[in-house]
Amino acid sequence: MTLKTLLHAAKGGFGGLAATALLAGPAFAQAPAPALSEGNTAWMIMSTVLVLLMIVPGLALFYGGLVRSKNMLSVLTQVLAVASLTMIIWIIYGYSLAFTAGNAFIGGFSKMFLAGVTHETVNDGGSIPEYVFLAFQMTFAAITPALIIGGLVERTKFSAILLFMLLWVTFVYYPLAHMVWHADGYLMKLGALDFAGGTVVHINAGIAALVGAIMVGKRIGYGKDLMSPHSMTLTFVGGALLWIGWFGFNAGSALTAGPVAALALVNTLVATAAAALGWLAVEWAAKGKPSMLGTVSGVIAGLVAITPAAGLVGPIGAIVLGAFGSVVAYFFCTTVKNALGYDDSLDVFGIHGVAGIVGSIGTGIFVAPVLGGVGVEDYSMMAQVWKQVVAVVIAIVWCGIGSAILFKIVDLIVGLRVTVEREREGLDLSEHGERAYNM
Amino acid sequence: MKIVMAIIKPFKLDDVRDALTGVGVHGMTVTEVKGYGRQKGHTEIYRGAEYAVSFLPKIKIEVAVASSQVDMIVETIAAAAKTGQIGDGKIFVLGLDNALRIRTGETDAAAL
Amino acid sequence: MTLKTLLHAAKGGFGGLAATALLAGPAFAQAPAPALSEGNTAWMIMSTVLVLLMIVPGLALFYGGLVRSKNMLSVLTQVLAVASLTMIIWIIYGYSLAFTAGNAFIGGFSKMFLAGVTHETVNDGGSIPEYVFLAFQMTFAAITPALIIGGLVERTKFSAILLFMLLWVTFVYYPLAHMVWHADGYLMKLGALDFAGGTVVHINAGIAALVGAIMVGKRIGYGKDLMSPHSMTLTFVGGALLWIGWFGFNAGSALTAGPVAALALVNTLVATAAAALGWLAVEWAAKGKPSMLGTVSGVIAGLVAITPAAGLVGPIGAIVLGAFGSVVAYFFCTTVKNALGYDDSLDVFGIHGVAGIVGSIGTGIFVAPVLGGVGVEDYSMMAQVWKQVVAVVIAIVWCGIGSAILFKIVDLIVGLRVTVEREREGLDLSEHGERAYNM
Amino acid sequence: MTLKTLLHAAKGGFGGLAATALLAGPAFAQAPAPALSEGNTAWMIMSTVLVLLMIVPGLALFYGGLVRSKNMLSVLTQVLAVASLTMIIWIIYGYSLAFTAGNAFIGGFSKMFLAGVTHETVNDGGSIPEYVFLAFQMTFAAITPALIIGGLVERTKFSAILLFMLLWVTFVYYPLAHMVWHADGYLMKLGALDFAGGTVVHINAGIAALVGAIMVGKRIGYGKDLMSPHSMTLTFVGGALLWIGWFGFNAGSALTAGPVAALALVNTLVATAAAALGWLAVEWAAKGKPSMLGTVSGVIAGLVAITPAAGLVGPIGAIVLGAFGSVVAYFFCTTVKNALGYDDSLDVFGIHGVAGIVGSIGTGIFVAPVLGGVGVEDYSMMAQVWKQVVAVVIAIVWCGIGSAILFKIVDLIVGLRVTVEREREGLDLSEHGERAYNM
Amino acid sequence: MKIVMAIIKPFKLDDVRDALTGVGVHGMTVTEVKGYGRQKGHTEIYRGAEYAVSFLPKIKIEVAVASSQVDMIVETIAAAAKTGQIGDGKIFVLGLDNALRIRTGETDAAAL
Amino acid sequence: MKIVMAIIKPFKLDDVRDALTGVGVHGMTVTEVKGYGRQKGHTEIYRGAEYAVSFLPKIKIEVAVASSQVDMIVETIAAAAKTGQIGDGKIFVLGLDNALRIRTGETDAAAL
């Protein structure tokens, strides 16, 4: 059995899910019966926990280490509060809007407050409880808005961030998730590939952060004052935990503990390693010194680049994709950003947006069996790359316009930015009444 | 009495402390400071952002001494702190009107 | 099949265990044969590792970040040493006292030094090796004493802490664990519900810490000197890792990777998110600023509140329980504690004790099928709440009296408190001969 | 069924693998069919992730916290870059050299670039995808060189470290892994026991670090200047995460989620706890104060000592082995090292080398069924201990000579050591152009 | 005018601050320093390495005051900072030529 | 010679450094300090505990200068450090008896 029918067989679930049934080699062929699998359930519970680990403490530390110490707690609080808020919304209407039948762009309200979800309902593949499936997806819907924070740090009001994220998941994230991952979704039907969330999560967050960085404006003293990261150690820890958690994100997107997850596991190791070495090498060549922050930035860029491709390309394809995504992201973070002058403070666009685009388009290339990929039915590289480009463009446009409107609305309601005095004092004291360190 | 205030390279602290102890000075107060001077700083790069850092870590040592001892102490510090390379630092001597040991109430020379 | 017979079917094991067999929906009904399940075993090994993650570095950092830097290492050492000590005791006689037949209050000595435990013995449900079951329970018996440390920090002798914990697990923890989780146990027979350890772990630790805080006395300068936490960042990391590890604690208490664990997974996500938002909201309203420490304190309060209920209530019940537990804990930590003037330094009672009580009693309410819970046989809300109250009162009395006696004994033998000079110098130097930071 | 035939039944795989099939008790006997197991796969994916967690952030923090803050980032970058580099080499030729047929000392090139590895290939036991097996082994091949860094910190060139590690895995690690874990391997055939890598990983890394420490020379000011660890907190966190991740290392080496993994789980808990208490106790007795660093060092020593024995000895044997390994390591780190005067900066030899030797030899003793071990066919304590000694000696000689030659080569090509000025300024600024902290 | 510079034990800072406020001093500048003196340090052990640490944490307080107030202020600080145990610290008085309040441009006594 | 000691707001350090460089001062020593004065502090809340923090972060700059340059330098610092808001800080001028450059042994004006 081959993988040719991969995406067209998807029946209302997650891209990776359908993949699993189809990837089944001989060893697996006896057991695709729609019974709960304790092994798959064990893996998917862990995957859910791993994605939560990416958010707290992973992302919170990765971002927090990069700001000045007077704003550390604001970052930590924002990440935690945004994740908490979007988890509750997920239960109320998010899961329903993203994963129930509706039209090509959005689901319905039939599962609001998890109506109809019980111990006995299972996911579409049938091998894990629906509770696990919705919890796993919940963490995706929570990390994506949290990623956006990186473009807004050190100057944005806490209230503005909460309000924006509430609106953004509703009007930008849930529709895009529906388009990409639901059987009726526009991009799913188109045949665009996104194994674990390259468009829905990374391009989406990258674009929103870029729009936000521009609309909120630069930090006081940007480009003039020393704004060195207050703790590179914490950034390292956060980056490392993002890598660790990303195995839940990528290999978990198989929704089973089988060969697809296995391939995603290997790819999430080697694409990342290659990306770390890639950034390190170009930086060493270009600036004379290979930096820790560069190496860790490469790690993240590699993880982003392999996300849409994790269960679809071979390990050598993964190495190439990771290294290439990393080098392109390096170029954006160091050259393009400075040239254009916007203050995407923690490079959400430069890393997640850029490597996400590279990965999404590259998936269309490296999925080719001749390049070691698993292939899709009637594969033609040109056609597949075109579908990938369409998906990327739709994500950029949808998110770009949506985010701009929502930032404007939030600005009108609560105001986006703190006062100059508060910004200078630091958000920890002015917005949260605490200090991070009292050594 | 005088206060001898020396700005030195951090890794020379132990040498200076030992040299001072050697000449009978048994009290001093030390502060971590940053120095700006002829010694050039370095460049730090954090992704796209390059910063020229011109303040370098230094150690400030303050020693209160009897006026008669000032020259000897200045020489002792200078000898111990010297590497001959730019950035070795300065020694300043300031006037000291009074001194008091809190524990005993002793004043002036007896307080040192 | 319903859950009505839940607790009465428990046969000598853990509350959650019996639940599993009974929760089996159609998909599961074919497979309750008493064979080892690799999926369940995989999940339970991970759950054990996750609970260990709660202790080190989770709890150690959560507590450590809150003390002054001169006492940081003392907290880390205490947590690690107490956990190590109680793990060894668990092998020697703890497992036997807690989980073998005896009377209604304590087990016997038949499994001392793990006598009779082999590769071939399994847990009562039959699906995991007994080694895994006893390792999982070992981590519970290790984290509970470690929690108590929070009431004693910055002034208690290291030797006193070790000695107290040795006595305390023997005379307080093992009996209570036996009463609640063994088939012969008094509270198990009574029908009190405690899915993952609300009474045994949290109320128990909270009360012991309160007694300890009072008997050891206030820290020098308490209420007068600035005692701000030395690193809120570490407290955040610790809190986040507690959340991560708590999935092992709660969903692991299902002892299987099936629908019960799935429900506990969802509840441990949403109760916590709701609790974080709950504390944040009341603090914002009451003090004008929502703090990071408040949000993280809400996380812990929510986790504590959902612990006894994790596999028993529905997600909406979990949200209510989490938010409510958090708000009540807020009130205790900020108002009641100050009014009464005891120095429960890190609010073990205020958070674990208080939210534990709220959760234990709330479990009796939200387990109601009409409120989305899974139900118990012959459920009546009044009756069930009464059983829960009885269990809470027994835990409080047993632990309160026991702990007071043991603290007194330890005071007589080694003395509870370090000298004033040592306290002022900091326990790191005076008790351990090290400093935490040399930046 | 007993375990007597344990090692002789190994058919081309990992020691622990064969063990599993044989350990099967009654409950297991029905299911040893060579089909993919979702439960085993779930556990082995998690094990792989756990070993990665040991490297980043685990080992990086454990080591990083012990150096001065001016060298913090150099340690973090070295660990991350070395792991990344050796992962890519693993794909290119490492896996092939270690795990394909060849001669008794090295494998062949048949699986270069993972040739022939597909979705459908499985490990030798047949229950997990080959992708998972090779990913798991990849993390072992990455952590071992990373461990060596501890002997070289604060003075070695970044380029020298990368080049050395590239050569070292090729000429020292892959051969030794092949000898110990491949069916044709010299030590496998000899019958030497190494459950999870006592010789291949720990003795190997310990010896290489010792050779490196001597050949690179002492740090400027060693033995004279205050070189206190810059953050004991980070060392604690790293040590704790090493413990957490080590469950993947040890229990994962069973390659299945069954009774062998269960035993390794228990042993990895209790040997470590005993070792922590062991170091704490001797230090308290000898120096008057039990230190945090001592307790954590005990944790690592215990983990190292139990590594070769994890699935082979009983829990009581594990306690003895852990405590003994810890005490011997204490003696080396505090007395022998000072007497000999080499600067093995972070005690890689003192802990990994020494406890690794104790554990390897002790495995030959405590595997005895009469001491609670699982036994091997035709067991005789003298004979088995002799085999263990032979394995240890071969590892020491092979690694000692190989490492010395490779360090010499690297010295000739790029030079091992930075200049005095760069060392004094700190490697963070001089080699990487960054500072770790800007508080 | 004079600058009164006191080196005290860290835990006495609040007492001294309160005492100074009590006598009408409403400005001071505080620095974390390390002191070397008669008070003996401690030993730290990190695995095999034992370090004798002779620099102890102290607080330096600097107060600019009118000359007429110097004695009173020195006494106030001494009284508040005293524990009677070794290491209580010192008070030094230095001459101060000029003072300026940046915000207003006020000088000398008016600037304090 | 004199020592000019300025206490300023932290975010003004770069401005002051640039202004001083502009008037030919190429050496200074900087210390992180905490200031107590008219500028009111803030309240921090950690769960139940509320702390009124009255010490605020400030930067102390010390510059040794020839007596003739003192006024110009005080003015330069004052202009660069001024925001007009409470807490801008102070400038103190102290007498300096001797100065020595450790590296060369140069003294007094030549040492600066």
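Chains here go by letter, A, B, C, D, E and F, matching the order in which they are written, and residues are numbered from 1 within each.
The working rule: a contact is a pair of C-beta atoms (placed from the backbone, for glycine too) under 8 Å apart; a residue touches a chain by one contact, two chains touch by 3 or more.
Remember, it's a predicted structure, so these values are computed and weren't measured experimentally.
A.B. asks: E-F versus D-E: which interface comes out with more C-beta contact pairs?
C.D. replies: Between the two chain pairs, E-F has more contacting C-beta pairs.
A.B. asks: Calculate how many whole Å lie between the centre of subunit B and the centre of subunit F, each centre taken as the average of the chain's C-alpha atoms.
C.D. replies: 18
A.B. asks: Let me have the rounded angstrom distance from the C-alpha centre of subunit A over to the C-alpha centre of subunit F, please.
C.D. replies: It comes to 47 Å between the two C-alpha centres.
A.B. asks: Per the centroid of Cα atoms for each chain, what is the distance between subunit C and subunit F, given in Å?
C.D. replies: Result: the chain centres lie 52 Å from each other.
A.B. asks: Counting only residues that touch at least 2 other chains, which ones in subunit B make the list?
C.D. replies: Only 31, 44-46, 94-95 qualify.
A.B. asks: Hunt down the residues of subunit A that sit against at least two other chains at once, touch-wise.
C.D. replies: 37-40, 42-43, 46, 226, 228-229, 231, 237, 287, 289, 291, 293, 433-435, 437, 439
A.B. asks: Pairs of chains that touch, anyone?
C.D. replies: The complete list of chain pairs in contact reads A-B, A-C, A-D, A-F, B-D, B-E, B-F, C-D, C-E, C-F, D-E, E-F.
A.B. asks: Provide the residue numbers of subunit C that touch subunit F in the complex, in ascending order.
C.D. replies: 66, 226-229, 287, 289, 291, 293-294, 297, 333-335, 337-338, 347, 350
A.B. asks: Given the complex with subunit A, which residues does subunit B contribute to the contact?
C.D. replies: For this pair, the touching residues of subunit B are 44-49, 51, 53.
A.B. asks: Spell out the residues on subunit C that touch subunit E in their complex, using ranges where they run on.
C.D. replies: Of all residues in subunit C, those touching subunit E are 221, 224-226, 424, 429, 433-435.
A.B. asks: Taking the touch rule as given, give the residues of subunit B at its contact with subunit D in the complex, in rising order.
C.D. replies: Answer in residue numbers: 11, 14, 42-46.
A.B. asks: Where on subunit B does subunit E make contact in their complex?
C.D. replies: Residue positions touching the partner: 3, 17, 26-31, 64, 94-103, 105, 111-112.
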